[in-house]
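Once you scroll down, you'll see the structures, which are given as structure tokens.
Each of the next two complexes has chain A plus one other chain: chain B in the first, chain C in the second.
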Partner chain A sequence: MRAYRLLKKLMPSSGGGDDFEKAKKSIRLARYGCANRPFYHIVVVLQRRDCKAHPIEQLGTYDPMENHNGEKLVSFNLERIKYWMAKKARLTNPVAELLGLSGFLPIHPHTYMTAWRNRQKNKTESEQSETVTN
Partner chain B sequence: MQNLCKVELLYGKLLCKTKAINQQPVRYTRKPRWLPKAPSKMFRVPVRPQISTDERNELFRLFTNYRTTMKSIQKQLEYELETSYTGQEVLQEIANKEEMLWAKCMDINDNWNAEVALDREQRLANEREARREEILAQLIEKEEEKQKKLEAIEEIIRLEKEKSKTYITIENIDEAIEKALDHVVDHKYALDLAGNIFKGNDPIEPTTGTTSSHQLRVQSIN
Partner chain C sequence: MPDCPDLNEQENNPKKAELSNMFFAEPVQDLLFKLTHVDVQKAFRKRFIGQNPDTPIYKFMTTAEVEKMQAEVKLKAKEKVQMPPIVPLRTDLGQVLEVNKDIIGFDSSKFIFTDITFGVSDKKRIVVVREPNGILRKANEDERHAVNQIYFPQSGRELKHPAMFDDNNLKPLLENGDYEFILDRACCQFEPDDKNYHRVVFSTYKHVDESKNYHVLESTRHLGPLLFYLAFNKKPDNFVLYCLETERFDDVIWFIQLYTKLNQGLEIELDGLKDQFKLIKDFINTECFDKVKLEEALKNYTTRNSEIASKTN
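Right after this comes the complex of A and B.
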């Protein structure tokens, strides 16, 4: 099975894709890394297009792998995000979470959920370890 | 997908000799829909997530709040975008800018008009002067022509006056008749090549010295 498709021409990942006035758009992550090294562009695309479609515009980047300071770097073009949100572009969950953590939007419930689950997990692990040591 | 494969094969055949430089492979890892479940996963039953009622209630509350806030944020952003185009202040600013631009344009226009007016006045004055001189020159020329004509007429009159001394009038007609009768002019004469005049009907002898051979020759020629 073929795991790639061929585009007829080279297209810039920074934007310039199809944009129709009345079509639904979404702001989402597009994976632009290679194998075992994820790297994401935050892009606005037509909602019915696939994950590798030519984006209308790039709105930022997200590097999910921690750097040597233990940071995950995100960049946003907030002005354009505001513009596209005003144009009723839908936010996908990961993007909404990132925007919530950056303080632009309210914190997404998923973030709270993962936080308390992680806390619960840590708590149970520590309890288990205490019982083992005792 | 199958169509895509066919298209790709076709293109591969067509482009087999040339290296595709302007083609971009896009990789993806999804399994196509028509492939069956993997044999190793055939009897796997996915575990349903266990969510307690407290957690569920909490999530419900959080999500409802989140949705509400997001709606209001969305409305606000839309309003901001709308007002950035059609807000009172923005429109006022645009109008002010246009007014400023208009004033600037009018200033430039006025300056140009003043310059052009100055030029035009100068030109018109020059033209007027030139016209005046032309008319003056024409007048002088006309005067001169008139003078010349008058002079010519005067000349004619003078000549006529001189001639008029010899005119035959009622007073001196008798004298003139007598004079004419006294001096009869005989115009009947012949000429030869040397210019000798032979008067009278019978040629006798030429008035000036000529030879008979001459006369003969003249006759023969005639």
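Right after this comes the complex of A and C.
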């Protein structure tokens, strides 16, 4: 048993976790990075495992903080994402949103919702500032 | 992500497509290689690149073995001075793929999406950008360079372009005559179809041509592209003059062949054996700008050679 645990620890961080043929899988973001500096791996894991469980495979990365050029970088291994989607892996909302923004999938409804909410918020803020200045 | 089309869409621009084919055409490559004058000693010289030099090995050999080794080394040298190509600029970047006004406001910064599928080359990798105003477009040159260097770093290439490639900083380097350093580093840093590469390399070539420092680049990988640039842009004067002054008669003939091939068609063969002097004279009269100077140089060359010939006889 002890040897088995040791072996698990030696597996690469980018994959090699438990994979059962009939178990449900999901493609999700796993938070890495550190305090006050989020960085996400896009991973495929067994759906019932917790979010930091050893992934079956890493499918990409997402850096939610702007870099010095004001860009957010996302990478996908599209070939493997297609493979796992064909195996009926579930996409979580954040991943589906990113894939939608990239043009790989249709835009996710949640993106429309946040966009609309942000626009409303901006509108009310600008109106308020106008009234204040008046 | 929508697939990037293959990189053969230079069809819309026939002149530029011609340019790229020309550099890789076999007769052109042969001529450029001949003009480079590969010297084994110079090709394998010690270079200060931060690595420890190999310790030399001394061996006893028969003459046959030495000759065999020399032939091998020549082949290796030929590989070593393989020329960085001159190709037209990449034109398939920055196209808008989709405009979606309904997602304006989803985020305040732009997203760059990269496909990191295994085994795709840097050139064919899919990179798209979603702007905050809902536009989805292909990434431009700078974004592609950054993303490729972040996810698939190449040694010797830097994420931020070195400051020496700014026009202001490049000038003193050119004045110093560090041509090989500039060209080597540019070759490493940029893709050959990058506008920055063209800017740096062409300004260097121009400077070499104006100051006639061809000997610095002799037997390196950069003389071929330099001559290709001169022939393609119809600036033959300085090189022809330099060759005549330094007794390189074969080079003039080869350069004229290259020039006619590039400007009049690859099929054209000059039967230079008949009357080489007349060939050069015609070339000077039709193509060069500084005719008086060149003709004088040719005359000097012929008189000098006839003197030598008469002395030996």
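Everything below uses one rule, namely that the second predicted complex is superposed on the first by the 124 of 134 C-alpha atoms of A that agree within 3 Å, B and C clash if a C-alpha of one lies under 4 Å from a C-alpha of the other, contacts with A are read in each partner's own complex, and residues count from 1 in each chain.
Methods note: contacts are C-beta pairs under 8 Å (C-beta built on N, C-alpha and C of every residue); 3 or more make two chains touch, one makes a residue touch a chain.
Just so it is clear, the model here is predicted, and its values are computed rather than measured.
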*Between chain B (first) and chain C (second), which, if any, makes contact with A:78: first, second, both or neither?*
second
*May I ask you to decide whether A:88 touches chain B, chain C, both, or neither, giving the answer as first, second, both or neither?*
first
_One more residue to check, A:66. First (chain B), second (chain C), both or neither?_
second
_For A:102, using the defined touch cut-off, is the partner it touches chain B, chain C, both, or neither? Pick first, second, both or neither._
second
*Does chain B (first) or chain C (second) touch A:15, or do both, or does neither?*
neither
*Now for A:55: first (chain B), second (chain C), both, or neither, which partner does it touch?*
neither
*Name the residues of chain A shared by its contacts with chain B and its contacts with chain C.*
112
*Within the complex, which stretch of chain A touches chain B?*
1-11, 51-52, 82-83, 85-88, 105-106, 108-109, 112-113
*What does chain A use to touch chain C in their complex?*
60, 66, 69-80, 98, 101-104, 107, 111-112, 114-116, 118-119, 122
*In the complex, chain C residues that touch chain A*: 1-2, 97-98, 100, 102-107, 109-118, 126, 128-130, 136, 143, 146-147, 150-151
_Touching residues (chain side chain B, partner chain A) in the complex_ = 4-5, 8, 11, 20, 22-29, 31-32, 35, 55, 59, 62-63, 65-66, 69-70, 73-74, 77-78, 80-81
